[in-house]
Structures are given as structure tokens and as C-alpha cells.
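The two complexes that follow have subunit A in common; it is paired with subunit B in the first and with subunit C in the second.
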Partner chain A sequence: MATVASSRPGAPSFARRALRSDHLAGWLFVLPSVFLVALFSIFPIIWGFVLSLQKASLISPNRPFVGFDNYTRIASDPRAVKAATNAVIYTSLFVPTSIILALFLAIALNQRIRLIRFYRLAVFIPVAVSTIATGIMFLWVFDANFGIANWALGGVGLGPFGWFDSPTGAMPSLVIMTVWGWLGFDTIIYLAALQGIPQELVEAAAVDGASRWSTFRNVTLPLLGPATLLLVVWSTISAVQLFDEVYFVTKGGPLGATSVPVFYIYRLAFTSLYGFGAAGYAAAIAYVLFIVILILTLIQFWLGNRVVHYSS
Partner chain B sequence: MRRKLLIPITIATIALVAAACTSDTTSSGQSGSSGAPIELTMWHGYGKVVDNQGQTNFEAKSLTDLVDEFNSTHPDIHVTLDYIGSNDHALEKLTVALQGGLQPDITYQYGTSMPQLAEAPGIMDLTDHVQESDFQWDDFVEGARAAATVNDRVMGIPALIDNLAIVYNKDLFDAAGIDPPSADWTWDDFRTAAKALTDPSKQQFGLGFPIDASEDTVWHYDAMLWEAGGDILNADNTEAAFNSDAGVTALTALTDMAVTDKSVFLDQQNVGKIDTLFNNGKIAMDITGPWALSGYPDVNYGVQIMPEFPGGSHATIAGPDMWVLFDNGGGKGEAAWEFMKWFTAAEQVKADSLEAGHLPIRNSVVDESGFVDEFDKKFPGSGVFAENLANVTKARPVLATYDQISTIMGEAIVKAMLGQAEPKQALDDAASQVNDVLQGA
Partner chain C sequence: MTTIDLRADEMAPSAPTVLRGEIGMVERPRRRWLPFSPWHLLLMPVAFLMLVPFVWVIMTSLETLAQTQHFPPILWPGSFQLNNYPRAFSSVPFGTWFLNTTIVTVSVVLSNLVFCSLAAYGFARIKFWGKGIAYFFLLATLMIPVQVVIIPTFLIVKQMHLLNTLGALIVPNLANVFGIFLLTQFFRTLPIELEEAARIDGASRLKILITIVLPLSLPALATLAVIQFLWTWNDFLWPLVTIYKESAFTLQLGLMSFQGSHVNDTNLLMAGNVMSMLPMLLLFIAAQRYFVRGIATQGLKG
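Then we have the complex of A and B:
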């Protein structure tokens, strides 16, 4: 339309053309979203970058620029290195555990058995429970002296374990708690993917004489590829950004055993436990974390494109 | 994880921004114009007047009653209370509010945050105000005045003062046939009792101790350090002093109980387990402050001052909290001061103590004849805490880097109490880190 209008003799001015064009209407429709995205995403991203170049506390208005000092400081900061190491340990435990368990559960919940809706609901409920409620519950379940976990394990001759109180046990305990809390979500994704697999393919495999395992291995599992890729990417991003559970349950302890990057960033920026005026440094770590997540995600998609052959 | 919270947070943020925008326009319209009272907002962490269990929260009620009384007797000023959640997060909330220029006119803050807050834009320097003759600044507890003073400038008004003492379960002492803590106890007596009161078969511990490496861990240790005759930093705050013999003695007393005797319930998370267990008779002794007493309705408890080390003292530590004022323009700053002056006058301090159970922040109230008896009758055990204020002889250093120093000390204490380092080694390592901080490295 716009081209037709402008080719006429005595074509209207640029402003008139702009007003009549479809683009304007389009932009007007998306304006509220653009405004919100700009306000809550783009502005903080830019402001965060400026902050990362400053020696700044969020209280004092005095914020001198220090160039890239905040970035060069990260590698020689033992707490930052510890947080990064913890993130790697947590992610490499959380992602495979939750995805493999979710796959098993999804297969179990995909059977035609009585009370299946109840079982599905039971698996999903932890996702809907608030993190704080989950945290309070696990604090008592995993209490070293009074917890039901040690009581039950003691009954079969195991333990007692220190759980959250032990510098070596805190991270695995955190993994158990977060897997419990998030398993339902992964399971639902897998369940949906399983139900999206055409029955003809499974039947065809059976007709060809494939065993159940062989059918699962060669038909079902490859068809779950896209769902698995989604879950791996999504779980990794959330695992690297772990915060709530650490903030509430372990507070990074004992002795920094569960201090993870976002928690460390939070403490640097909003408390003065690691020094006054560390908000700029916190922003620098946040930027490094952003780049790490970006690279991780790109690698996962690249690998995914090589491994995942089907798309539903 | 974050994603779970993203949507509610986004909605809340939008709502908050919207609310902030609207309230901004109304308040700026009101202040300045004559007739309408000056509106002040006051942040506090005392909770709701009626809590979620339907119980009256006397701390919140006392505050609300006083503010209502002020509002009705001062028609030109109207103070609105705003409960902002736990005081532990008051500094974070204020930090965020300062980013948006939405700071309140009056806010409750921990004394240890004062050196940082002194740099906040708009904070009121009260140095000249407190010298007004009818305010009687010298009447405030000395340790609290020191904590309010940053580089010789008074940046806040003491809101509350606590101190640490032993709260013990009388029935558990009786059952074990042990004499209850006396005012001349040493830490050896304490250790012996704690060991005797520990019974793994009943899951009973002699002592509960927070080891989340927070300031809560550290100030328990600070009191012991002072009892042993040591100090946190040297006199001019340039070097760590807690790794002295006194510091090692104090930490060894803790590791003897925690590591050797295993008579201590070590609370790693410190979100209320010790209080719950004490109230259920699973912990015999708790070193805590007067605020904890209301959480022990099921226990027949007694209160005793801190033990001493040989040749030391029964020193305790005070945790003075502050009211911090911001001058948000339009006469609000002066109005906030007028309110604060009334609110912290002896009459109001006394009323608050007797209703909320807070230790009086003014010496004249403690010294008033009959006050301690009346106070202790109303809040059993609180009389010991009120008199224990006399054992507050030292204060934590008033430094912007204090929180950082505290973190380092906290980690050393926890390391030793978990048996992962010898007390001397842990404190020496911490001291060298603290010295780096003090030298601005």
C-alpha cells in the first residue's frame, strides 16, 4: 500500500505516509510490551553495565568509574571462584538427576492405570508449593538431630548424616530438595511429549518384532529429543541462576559450601557482608554470568542440532 | 529458582511502580500547602498488631499506640506506620528505595549499618538537633550513642537496646540436679553444666548456638571476647586484635563445648530452630536477648548474666538499633525531628518499655525508683536484662567495613566450632584478612 501511495503524483508528506502505513499500527499495538521490556529488561541491562564499570555502593551517590577493574578482580577473588565451582557442581548434579528421574516418572505416569490423575497431581504439586514452604519443610526433614530423614535412614542402619549442616553434605541436600521441588515440571513436559508420539510408530515397531526396550531405545527416546533439549537448556539456565533455596535454606553455608553466583551477587550488591561499595563488582559478575549462560545455551543448541533428529 | 518467582515479581513491580507514581504526586501536593498536616512515613519491623495466630503483638501495639497518640496531639503532622518485614532486611529495603528516591522519612535500622547510611543522600545529620537542651542526649545509653555517631556526627537516634544473657530452663536444671547459673559463674561452670545437661538419648543439648557465620554468630563471640579481656580491633581501629590470647580463650571455650563435649546444638541456618527447641525443652541454655523471652511460653525459664573468664569480667554486648531520618523536603525533615523528639522522650520510652518489654533506651527510665521491679513483674526475666545494661562496657567498632570484618570473623568462628580448624589458626587467618580490609586492600 505504501508503495502505491508514494508513486502517485502529489504524494503525501512523509508524516502522512507514516501515519497511514501498517507499520505505525503495528508499533502502536506492541508499544505497551515494548515499553515494559525496555523498562524492565533493556534499561537494567544497560544500567547494570554502567554500574559494572564503577566502584559503587547502592547507598552512596559517590560512584567513581574504575574501568574494567571490577572484571579483572573476579578471577582472583576466592569467594567468586568458590561460587563458580559450586555452580558447576550443582548444575552437573541437578540437571542429569532431574531429567533422568523425570523421564522415568513420565513413563510411569503415561500408563493406563487406576488413579492416574491422582498420581500425576501428586508429582506436580511440589512445583506449586512455594519455595519458602519447601525450605522450611526440608530444614526439619533434614535436621541432623531431629529430622525424619536421619530417623528413617537410622532405621536401616545408615547415618546419621549432617545434611544442610555439613560442609560436604549441604550441596547434595540442596540438590535433593530442588530436584524434589522441580521434578513435576520436567515430568509434565516429558509426559506431554510422550503423548505426542504417534501410536502408529510404536505399533509398527512392535509389528516388526522389536522388543519393548528396543522400541523405547530406537523409537520413543529419539522422538523425545526436542523435549530433552528444551529441558536441558531450561534446567541448566535455572540451575546456574539458583538463588531462592540458597537464600532461604542454607544462606550459602556452611562455610561457603552452597554459595552460588546469584547469591554471591545479591550479597555483594545489597548487603555489605563482603564490603561496602561492591555493587559495581556485583554487576560485573552478573555480566560474566550472563555471558557464560549465553555461551552454554549456544553450545547446547549446537549439540542439540547434531543429536536431535526429529522435531514434533 | 528464579523463574518460579518471575511472574509474581513482575506484577508486583508494575503495581509498585504504579503505586509509587501516584503516591508521589499526592504527597508533593500536600506538603508545603498550609492546613493539611505534613505526611510522614515511618518504616519499622515490629510486625502487625495482631499476628497471624490472632495473638496481640505488643511491640507493634506499643508503637502504634504511641504514633496514634502523637497524631492526635499534633494536628500539623501525620505519621503513617509501614511494616516492612524483618529488621534483618531493613538495610536492603532502604538501599532499593534509595535507588528510586522513595526512601521513607523515618526508618528503623541496625546500629552496625550507620557508617554506611551516613553516606546516603538526604539522611539527616542530627548532631545539632540532639544538643537541644530539652532533648537530653546524654540520657541515652552510652553504647547506643556511640553507635549512632559516625565520625563525630550523630546520624540516628537510638531506637532499642538489647544485650545478651543466659536464659535457662529451670526444670531441666532441677531434673539433672544441677545448681542454676549464678551471677559469679565462670565459663568452666558453664561448660560443666552444659555437658551434664546434654543427653543424646533424649536429643537434649546443654546450649544452642547460631553458626550461620552472620553477625548473630559474631556478637555472641564478641561478648565472650570482652569477658576474656580482649577486643575486636586495636584502639585506633587499624588492626585486628581478636586473635589475642583472650580471643583464643573465648573461642576455645566454644570449641570445647561444640567439638569436644558435643553439648551444643549448632544451628547452621539460624531461622528459629533454637527458639523452637528451647521452648520444647530440648535445649537447656540459650545465650540470647530480651526479645526471645516472649517465644518461650512453655518453659519455666530463668535469666542470668553472662559467665566470666578467670581475671576477666561479666561483660555483655549491646545491639543498639537506630531510627534514621531522611529529609524529603517540604518541611518533612523538621517534622520528622519533631516527632522523633517526642517519641524518644523519657515518658514515651517508659510507656513503650512497659507495654512492649523493650529495655529502656534512656538511663533515667532504668534509674527511676520501682521501674525495674515493675518491668520484671510484667516481663519475667527482663529485669536482669535491664540491669545487665550496666555490663555493656564496650561497643563494636563504628566502621563502614564492619560488616565485612564481621563476615570474616564469623567464618573463622564457624570453622573452629565445626572442628575444621584450631581456634588459634582460624583466628590468625581471619585477622590477616581483616587487616587487609582495614588497609583498604
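Then we have the complex of A and C:
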């Protein structure tokens, strides 16, 4: 089909055969997408590395090479260290909280009870709300003076809390807000996994006289392993890259308590807060973050695959 | 790992029912120690906590300014200030921002449906040189975090003179790898016999895609459309770095600037916020099964 040279008399011209060939047809179908992805994903990732070796600004075309200076600068930059520390704190609060809550909720939402459609909608619907709208909502709910959170907690003798305004409360408040926003997503993934569990296994355990708890512990939970591993990896990746909520709600404050890496990258590259010419340095931090995410993902999959059993 | 059968709708009643959007339920023998299922004791407070911010925001949007600045909070304003909504709408160019967001979102969704279908058909059905490696590279880009590419992509878009135009938001998002992956997986599950018969009858591949494959793929296309719609409508970081002219703002940027200028007009701010959320909330409620399926597919792509 794909022979190029053929001198048989009467054979269709090269162009005609090329048109009929699967190779050309295949490429014609995928080319628009491949071109777009190459231009807006693959090329930028190479250029991003080049930028990280330069003293670059986004306004000047003059970008002298500085070798690995941008990389060696990171470890001695207190703002970068602070951002990394905050990312670790946020991730270690957000990931376990959201996943454990989602597991309980998915099990509850998998029951045949009244109002279940309403419950599911209530848990899923924040997925449809943008981070800015969520931010406006929670700035108001957590308003130190007039918010209902302080009022409700005051009713049981707690608070008042400063929430986003307090250096110690800002990070937990951020965690509560983002868990609210992401819970639906995690719960849907657990629900899908729960419903992929063959009912025969659960029934067989019941026939063998296993208690509900024992069935859950020994049958259901191990079969949720792949979903859990996936959610751990996924939530870690998105937690390390937190940006919108920090930019809009806390602006990194108070006193840098919620400054996180992508927020710092944004400020370096796209604002003049730390002087112009910081885009190369920002690109270097972005690359380090990329490598950290890759390593974390690999470690999680490696550890996970020793614990998790894949069925079928 | 798991492959997902998106045709669960039509084909396989045994497939995970969440993929049908209709999430199935497990029957259990019941021991009644309460007049209702004990699960309500967990789910009722959870539903309350998830919904209370919405209710509170809606109530605030119907109050007078004085009522919003009252402690303890007024949970039920005696009279509803409905004119907060027209006031909020006309105080800033919400109409323009809404239109901008609609143009961007509709363009991106349509172009993704076209480009992803074409590419997915190529990957699912045609044998061609370099296919494996091209597909691998595409999927590998799913691993790339946005902050790594955002600075170079900004420079590319600047070079194309698209900054401060809606083009900056449309062009880099014309084709999305997640969509290609989703449709490729789906096309592979379709029976090939119909297509082969059409080939023998001399139909072109493009004609086969349009007249045979796509009509069979409506659930997958709907899933891609709603997920892409959600992403584009709610996107924030990319518009933030490429658009700084108010007339080209998206709803999210506009909402942010509205918040900045109305920090103390809480009632108007909440009215604007409710208006900004409403289209997406209505779409979510109307197309919940496709959102659920889209998210479940994202979950299974690892």
C-alpha cells in the first residue's frame, strides 16, 4: 500500500497514490491537533527551559544567558523557601482531608435511601462554581465582622475567628474552602469506583457470614485502592499548583502565610513587584516545581503499586 | 488499567452505572433501629454545609446595605430588594463580560469537538506511520503543569498580537488532549463493521466519520462539550495574564474587578456573584449526567 517507487505502466500517479495511502490520510486527520499541541504545549516546554537559563523579562527581547544562576538562586531565596513550605503545609492538610471525606461521602451516596438525588446534587454542585465565585462566597461566609461562620460558631461558644485575615487561620480557611470546592469531584470518582465493584464479591462475603464492616474492610476497601491512588496523585498535583484561590482571596497574606509557588511564579513573571527581568527566574522555579511534581507522582505510584491490587 | 465504556448508556447494563449519569444503588438488608435510614444522619448535615453558602449569598443579595452590616446576621430579610440585581448588572459592563465569555467558550467547545473528533478518528481507526509516537507525545503533555508553559505561551501569544483580545483565550485552546483521548477511547469501542461496509461502498473516511461514527458518539461528544464548557467558562489564570483591558474581560476577570470596586456594597456584590454563577449552575443541573461522566472519565485517564 505504501510503496513509493513504482514504474509499472498505467499505475496511478504518485500524488493519487499518496492521497489514497493510509499514512497521508492518518496524518491529515491528526495534523490540526498535533500542530496545535506542538505549538502550545511541546514547544513552550522547551522554550520554558531555555528561558530558565536566561535573565529574561516579558517586555524586552534582550535575554542574556546566565547559565544555571536562576536555579542556584532558588535555595537561598527566603520567599521561594516560604512558598515551598506553605505548599507542603497546604498539601498535607488538603489531600488527606478531601480524600477521606470523599470516601465516606461516596459510600453514603451509594445507598438506596430517600432524598439521595438531592444529597448527590448538594455534594456535586460546587464543581460548577468558579474559584472567583467561591472566593467571593467564602470571603463573606468567613467575614470576621458580619459572617455567618463566626455567628454559628459563636452560638456554641467558639471564636470569633479571623479566618482569612489571621496569619494562623488563613491556611486552614483556604483548606476548608478548597475542600468544599473539590469534594464533589473526588466523590464522583469514588462513586464510579464503588459501582465498578462486582456485586458477586460483596454477596459472596455476606454468604460466608462476613459482617458488614468486615466485608467493607476486606472486600470493598482493597478494591478502591486504584481510585485512592489516583486521587492521592491527582490531589497532590493540584494542591502543589494552588493559585486562583490564593491570588484572589488571600493575596498570599497575611504576612506571606499563604504565599505558594505558582503565586510566587506569577508575581515574578507577570508583575513588577520584584523588579522586571524576573521571568527567567520564574521559569526556573516553574521547572523545579515540574520536576518535584514528577518525582512525587513517581514515588506515589511506586509506593501505591506495592499496596494496591488491581482487579482484572 | 481500567478502560471506560462510555456506551454504558446504550450497550452494557452491567457497566459502572455512574457512567450512565444515573448512579445505581446497592440494596442492603435493613435493620431498623431508627424510623429512617441512619445515613440521613450523615448526609443531612453534609448537604446543609454544602448548600448553606449558596443560601446565605442569595439572602444577602436580597438585603439592604444596612441589613448586610448587622450582627448577628439577618438570615431572612423581611422585604426582598430585588432591584439589587439590575443595579449590580448596570454598575459595571456585566453584559459585555458575559458576551465575551460566551464567545470564547462556544468557540473553544466547537473547535474542540471538530479537531478532537478528527484526531481521535485518525488515532482510533487509521494505521499510519508515526501514530504510536504521536499519540504518546500528545498524552505526555497531560503531565505538564500549566505554570511551566504559561510564560513561553504568553510570549507566543504576544508575538501573534493576540494580547488583550479574545483570540488570546481561544487560539491556544482550540484542541485539547483530554478530548482527543476521550474520543479515541470511545471510537475504539464502536463496532467497525458498519465503517468497513461503507468503505467498500466507496465512502471517504471523512464521510464515514461524519455520517456513521459521530452520530453513534453523541454521549461522548456531549461529555466532552460540557467538561470543556466548564473549564473554559471558569478559567482564571490564563485570562488573568493575557487580558487587562476591561472591554475584553471574561466574566471571571470582571467578577474580580467588580469585587475590587464593590468591597463594601456587599448586597450588590452578592447579586453580581449570583448572576455570574447562575448559567453554570443551571447547565450543571440540566446536564448532570454528562458532568458526572466527564469527571469519572478524567478520573480513569490515569
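By definition in this document, the second predicted complex is superposed on the first by the 286 of 312 C-alpha atoms of A that agree within 3 Å, B and C clash if a C-alpha of one lies under 4 Å from a C-alpha of the other, contacts with A are read in each partner's own complex, and residues count from 1 in each chain.
By our rule, a contact is a pair of C-beta atoms (placed from the backbone, for glycine too) under 8 Å apart; a residue touches a chain by one contact, two chains touch by 3 or more.
Fair warning: this is a prediction, and the values are worked out from it, not measured in the lab.
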item: Fit or clash - subunit C, subunit B, common subunit A; value: clash
item: First, second, both or neither for A:L109, with subunit B first and subunit C second; value: second
item: Touched partner set for A:T168, first subunit B, second subunit C, both or neither; value: neither
item: Contacts of A:T85 with subunit B and subunit C, given as first, second, both or neither; value: neither
item: First (subunit B), second (subunit C), both or neither touched by A:S60; value: first
item: First, second, both or neither for A:F243, with subunit B first and subunit C second; value: both
item: Which superposed partner A:T131 touches (first subunit B, second subunit C, both, neither); value: both
item: Contacts of A:N145 with subunit B and subunit C, given as first, second, both or neither; value: both
item: Broader residue contact with subunit A after superposition on the shared chain, subunit B or subunit C; value: C
item: Partner chain in contact with A:S211 - subunit B first, subunit C second, else both or neither; value: neither
item: Partner chain(s) touched by A:L294 [first = subunit B, second = subunit C, both, neither]; value: second
item: Stretch in clash, subunit C with subunit B, out of 185-193, 203-211 or 257-265; value: 257-265
item: Intersection of the subunit A residues that touch subunit B with those that touch subunit C; value: 36, 40, 58, 127, 131, 136, 145-146, 241, 243-244, 248, 262, 270
item: Complex contacts: residues of subunit B adjacent to subunit A; value: 1-5, 10, 13-14, 91-92, 94-96, 98-99, 113, 115-117, 119-121, 203, 211-214, 265-266, 268-271, 273, 277, 282, 400-401, 403-404, 406-407, 411, 414-415, 418, 420, 437
item: Partner subunit B, residues of subunit A touching it in the complex; value: 36, 40, 57-62, 127, 131, 136, 139, 143, 145-146, 164-165, 167, 178, 182, 238-239, 241-245, 248-251, 253-256, 262, 270-276
item: Subunit C-facing residues of subunit A, complex; value: 2, 22-30, 32-34, 36-37, 39-45, 47-48, 51, 58, 104-105, 108-116, 118-133, 136-138, 140-141, 145-148, 151, 180, 183, 185, 188-189, 191-193, 195-196, 199, 202, 226-227, 230-231, 233-234, 237, 241, 243-244, 247-248, 261-262, 265-266, 269-270, 279, 282-283, 286-287, 289-290, 293-294, 297, 310
item: Parts of subunit C lying in touch with subunit A, wherever the complex brings them together; value: 1-2, 16-19, 23-28, 36-37, 39-40, 42-43, 46-47, 49-54, 56-57, 60, 68-73, 75, 115-116, 118-119, 121-123, 126-131, 134, 137-138, 141, 143-156, 158, 172, 174-175, 177, 180, 205, 230, 233-234, 236-237, 240-241, 251-252, 255-256, 259, 266, 269-270, 273, 276-277, 280-281, 283-285, 288, 291-292, 295-296, 299-300, 302
